[in-house]
Amino acid sequence: TSGTAEDDNVIKIGATPDGYPQYYYENNELEGFSVDMIEAIFAEIGYEVEWVVTDWTGVLASLETGKIDTVANFAQTPEREEKYSFTEAYYYSRAALGVAKDNDTIHSLEDVKGKQVGNVTGSNYQNVLKENDPNDEIEIINYETADVIHQDVASGKVDAFVTGREILLAQIKDKGIPLQVVGEAFGEKLVSLPFAKTEENEALIAEINEAVETLRADGTFQDLSMEWFDEDVTISQDEQ
Amino acid sequence: MIKISNIKKSFNKSVVLKDISFHVTDGEVVAIIGPSGSGKSTLLRCINFLEKPDSGKIEIGDVTVDTTKTTKSEIQKLRMQTSMVFQHYNLFKNKTALENVTHSLRVTKKLNKKQADEIGRNLLDQVGLLSKADSYPISLSGGQQQRVGIARALAVGPNAILFDEPTSSLDPEWVGEVLRVISGIANKEKTMIIVTHEMKFAREVADKVIFMDDGLIVEQGTPEAVFDNPQNERTKKFLRNYQKHSSVEMDKENGKFALL
Amino acid sequence: MNFDFGYMIEIIPELIKYVPVTLYITIVSMLFAIIIGIFLALILVNRVPILLQLSKVYISFFRGTPPLVQLLIIYFGLPQLVPALNSITAATAAIIAFSLNVSAYLAEIFRAGLDSVDKGQAEAALTVGMTYPQALRGIILPQAARNAIPATGNTFLGLLKNSSLAFTIGVTELLAQGKLLATATLNFFEAYLAVALIYWGLTIIYSWLQTWYENHISKPYVRET
Amino acid sequence: MIKISNIKKSFNKSVVLKDISFHVTDGEVVAIIGPSGSGKSTLLRCINFLEKPDSGKIEIGDVTVDTTKTTKSEIQKLRMQTSMVFQHYNLFKNKTALENVTHSLRVTKKLNKKQADEIGRNLLDQVGLLSKADSYPISLSGGQQQRVGIARALAVGPNAILFDEPTSSLDPEWVGEVLRVISGIANKEKTMIIVTHEMKFAREVADKVIFMDDGLIVEQGTPEAVFDNPQNERTKKFLRNYQKHSSVEMDKENGKFALL
Amino acid sequence: MNFDFGYMIEIIPELIKYVPVTLYITIVSMLFAIIIGIFLALILVNRVPILLQLSKVYISFFRGTPPLVQLLIIYFGLPQLVPALNSITAATAAIIAFSLNVSAYLAEIFRAGLDSVDKGQAEAALTVGMTYPQALRGIILPQAARNAIPATGNTFLGLLKNSSLAFTIGVTELLAQGKLLATATLNFFEAYLAVALIYWGLTIIYSWLQTWYENHISKPYVRET
């Protein structure tokens, strides 16, 4: 639990490796942008990170029951804030649409109205899509994993994929995912670390917030972001 | 007409039928007697290919089968020539007594329910089981099951009927009754092969008696010839007990188990 | 952890809307699987030459590999080979995959059911002039069924829940909807328990039917007392 | 000593045993005869509680059971008093002939394999099946199975043995042989109740004969009394066929089925 | 879709390292499930008063609700009620959940197996002085086993693959490792197929053993020809 985590300076973080470059397995080690960011934060405040790898269901259940202390890559939303206390954001996720390479009909959010858009269950991207779809014209098709959506979009069974823009760009560039990103990024959300609402955790959150400030200020965040995405996702687009 | 020529059958290493040939003319009743384990049931089962003979020829009516090379349709034709009463009855467990008798009529002869039931009830009546028409085999006594088995075999009315100890579980009254039913059929010129341990029964119903021992036909002839004047030593020895049985009353004074 | 009982109850009506999808996939797949399974079992029991070897490979494959993989192969792999199948819907692919998968399991169950029927039953049927198919229909299958029903029920209930794998290829059924609610609201245990209750309810209804049917077809085999 | 008092048993609506009382003294051999379906097997099955009687009292040796209120341990004690030969043999299908005989010795009497096998082989030898010791029931003929069943019941050597048509599948030779084996045991003062359809057999082995019809004991007495001088009309009718059977040779000249 | 055959082959050795985890969870759960299943089946067949009702609820629950939910309840829910269980490892929780889940299915299979044994067998055993447990051990169970093995094999193979649910609570076994490996290359289909091949191999080995055992125990029931 978070109590013991502080005692022995080990922090248990739940993770669902969902693919390069966010986090993935290589040589039995967790790698990726999220991994580097979070390990940098906890190194700064002198904690050791213990990754607990399960599927998304397990991550949420573990957080809820205190089997882990926090979760990586968890967008901060009003509903989630009711249940958990969040740290300062360590990066800003932006959604975008991915479509088949040969698709020349969809160029923007407007073009998917009346069409089907694939989404990975539990991701926050469907929420941002809905925010941009006041008349409820987009049909969201939920999937368990992204790999199947890639195929369905590429083969035209589903029109588009809503997901993290930078992630998809990196996957297309480095791993040859048969999609292209279209239109503007939209729906910026803060990604920060959730903790159960306890007093000890409030103290920990304060510590983490300080570390986030430091790392942002000294350029560590920016370096990591450039390394993985060729752009800086650790600051809000609005500020850019 | 049934003609069996040089039938041989072994299970694994043990030879059960060694070289069996005999024939039965139309309407003839043949009784097969012989010690337990001599191969009587196996012989009947070979005749309708429930057991595949190793070699030999089987002729029933106009169907002739060389047992070393048979086709499915030949076997099916052969089986259509006979019906069988099993030593262990083998009643259809999922059918009532009546359905046991009528099911084949409905399926193979395409009779409708009314026609089949009429035949079935008539036969059940003859074997004294009309009141058990709707009972399932599990709630019938041994003798009742045996009688249903007989009615079932009689119902299909084939060329010939093979009986494997059809009265083993019957009391003297029912032995008599079943005998009458069977003889009613015998009078209709039905060919029958009856395996039995009841020598009296054999003597009464048979036109010909075949005595088997150890997979061979040791002696065959009219009941009178075989029972009253057996030629072979083995036959004599086998029938000695039967004769002793008959004369038990005389020995009775010598002590309780004098006949032994 | 504070369990929000009210929420659990509240979402049940929302979840129940997805019961038809689940039942549709499950029941249709089961029917196909039963038909294929019977044929496979007959081939196994009668040791029909060539077909026997083919059936064994089929059964081995579909029992041997995860249904998830079978689902992916059918949904993505087949259209690569047969482009005409490209328009296959996810639900159809799921039904095909589950039918094939479950048929392999049923083949084994039916084989045991057929084996459990006393050989004398078939023999008796043959001696009164029935052909093997006739004996099968009237005598052997009804008796084999009795034996096979409990394990078939297991397979059905297993499929009822495994059908949620269809979510992988985008079919939202009962469990998928539960997951969606769970991850959206983070009332996670409540959503899963609500789903479980609905499955349990379906199972109870199914069990009634099975018990009724078992009693019905067991009548001939049960001694009166 | 076996004392049966007022045993009643119905299946669903039909009353199968109507009020059966009789007793058997130690070492006595009782034969139960009667038409098929009269309740003989049910009676035997009630005696060892394979069928729970609806009411009545059963006393065997020093165990007394009121059938309306019994405990498991009472039933177990009662069963330990008897062994049974079944009409349909009920051999253990997963055991060889030898194991059928020895299994209970090893399990209930804790004999070691050598001791049990010795007893088992000796008994199989007596019923002529030593050569089939390692065969499974499925590959035994009807009569062979029946003999294994007899050997199995004899092996446990209980207070009393219940035989349900123990010779129905046996030829005259083996009937004689089994008779000798059984009588060997009878001479050891073993109590026996034997249901049989073979009147001669009953007459030869029994000290007392019970004639059952339709769930009732109609007549009982010494074999001489029941067979030679039956009092009841039903008994007379039942035995008429038996007597006719015996006199079949005289009738033979009158035609093939004269006795009918 | 371009399938990277080389990658599939390449990761097989890496995946095989996770076979022991999968087998450990599967086999240990199966053994417990068999023991519990036999007891449940005996209670069902003998209609032991009170226990019968309890068993029915138990079986209904574990067959009726998704194994995923059972796993979540045991790993996350129970420690809330019994804090001592908090230290339970994920693998142990998985084994407990699968044991209970599978035992309910096996109970049904074993019940059918017991029912398929001719009542005369037990009767004969009782008349030669055996107690019911003795009759069970020497006569009834061996005959019931023959009938129950094919469906038990189904359940075992089902469990072999369902054990991958343990990933939900953090046990990385064969399928999970396949998924994890693919996160680096995003060659998910190749990974799934590699995993499927390994499962298939395990299934083939298991099937050999089962066939051998079936032949072994079927000897008494097969007529020589």
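When the chains are written out, they are named A, B, C, D and E in that same order, and each has its own residue count from 1.
Everything that follows uses one rule, which is that a contact is a pair of C-beta atoms (placed from the backbone, for glycine too) under 8 Å apart; a residue touches a chain by one contact, two chains touch by 3 or more.
Chain by chain, the UniProt names read as follows: B, D = Amino-acid transport system ATP-binding protein; C, E = Amino-acid transport system permease protein.
Quick caveat, the model's predicted, so the values are computed rather than measured.
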Determine the shortest chain-contact distance, in steps, between chain A and chain B. 2
Could you name all chains that are in contact with chain C and with chain D at the same time? B, E
Just grab the chain with the largest centre-to-centre distance to chain B, centres being mean Cα coordinates. A
Inter-centroid spacing, chain E versus chain D (mean Cα positions, whole Å): 46
Geometric centre distance via CA averages, chain E-chain C, whole Å: 17
Using mean CA coordinates as chain centres, what's the gap between chain B and chain D in Å? 25
Where chain E touches two or more other chains at once, the residues are 1, 68, 72, 76, 80, 189, 223-224
At which residue positions does chain D touch at least two other chains? 11, 88, 139
Chain A residues touching 2+ other chains are 57, 61, 64-65, 145, 151, 155
Which residues of chain D touch chain B once you look at their complex with the stated criterion? 11, 33-37, 41-42, 87-88, 139, 141-144, 147, 165, 168-176, 179-180, 183, 197, 199-200, 203-205, 237-239, 241-242, 244-246, 248, 256-257, 259-260
Interface residues, chain A side, partner chain C - complex: 56-57, 60-61, 64-66, 79-80, 83, 118, 121-122, 141-145, 148-149, 151-152, 155, 157-158
Using the touch rule from the top, collect the residues of chain E that touch chain A in their complex. 1, 68, 72, 75-76, 79-80, 167-170, 172, 180-186, 188-189
Given the complex with chain C, which residues does chain E contribute to the contact? 1, 60-61, 63-69, 72, 76-77, 80, 105, 108-109, 111-112, 115-116, 119, 147-151, 153-155, 157-158, 161, 164, 175, 189, 192-193, 195-197, 199-200, 202-204, 207, 223
Would you tell me which residues of chain A are touching chain E in their complex? 17-20, 23-26, 31, 52-55, 57-58, 61-62, 64-65, 67, 145, 147, 151, 154-155, 171, 175, 177
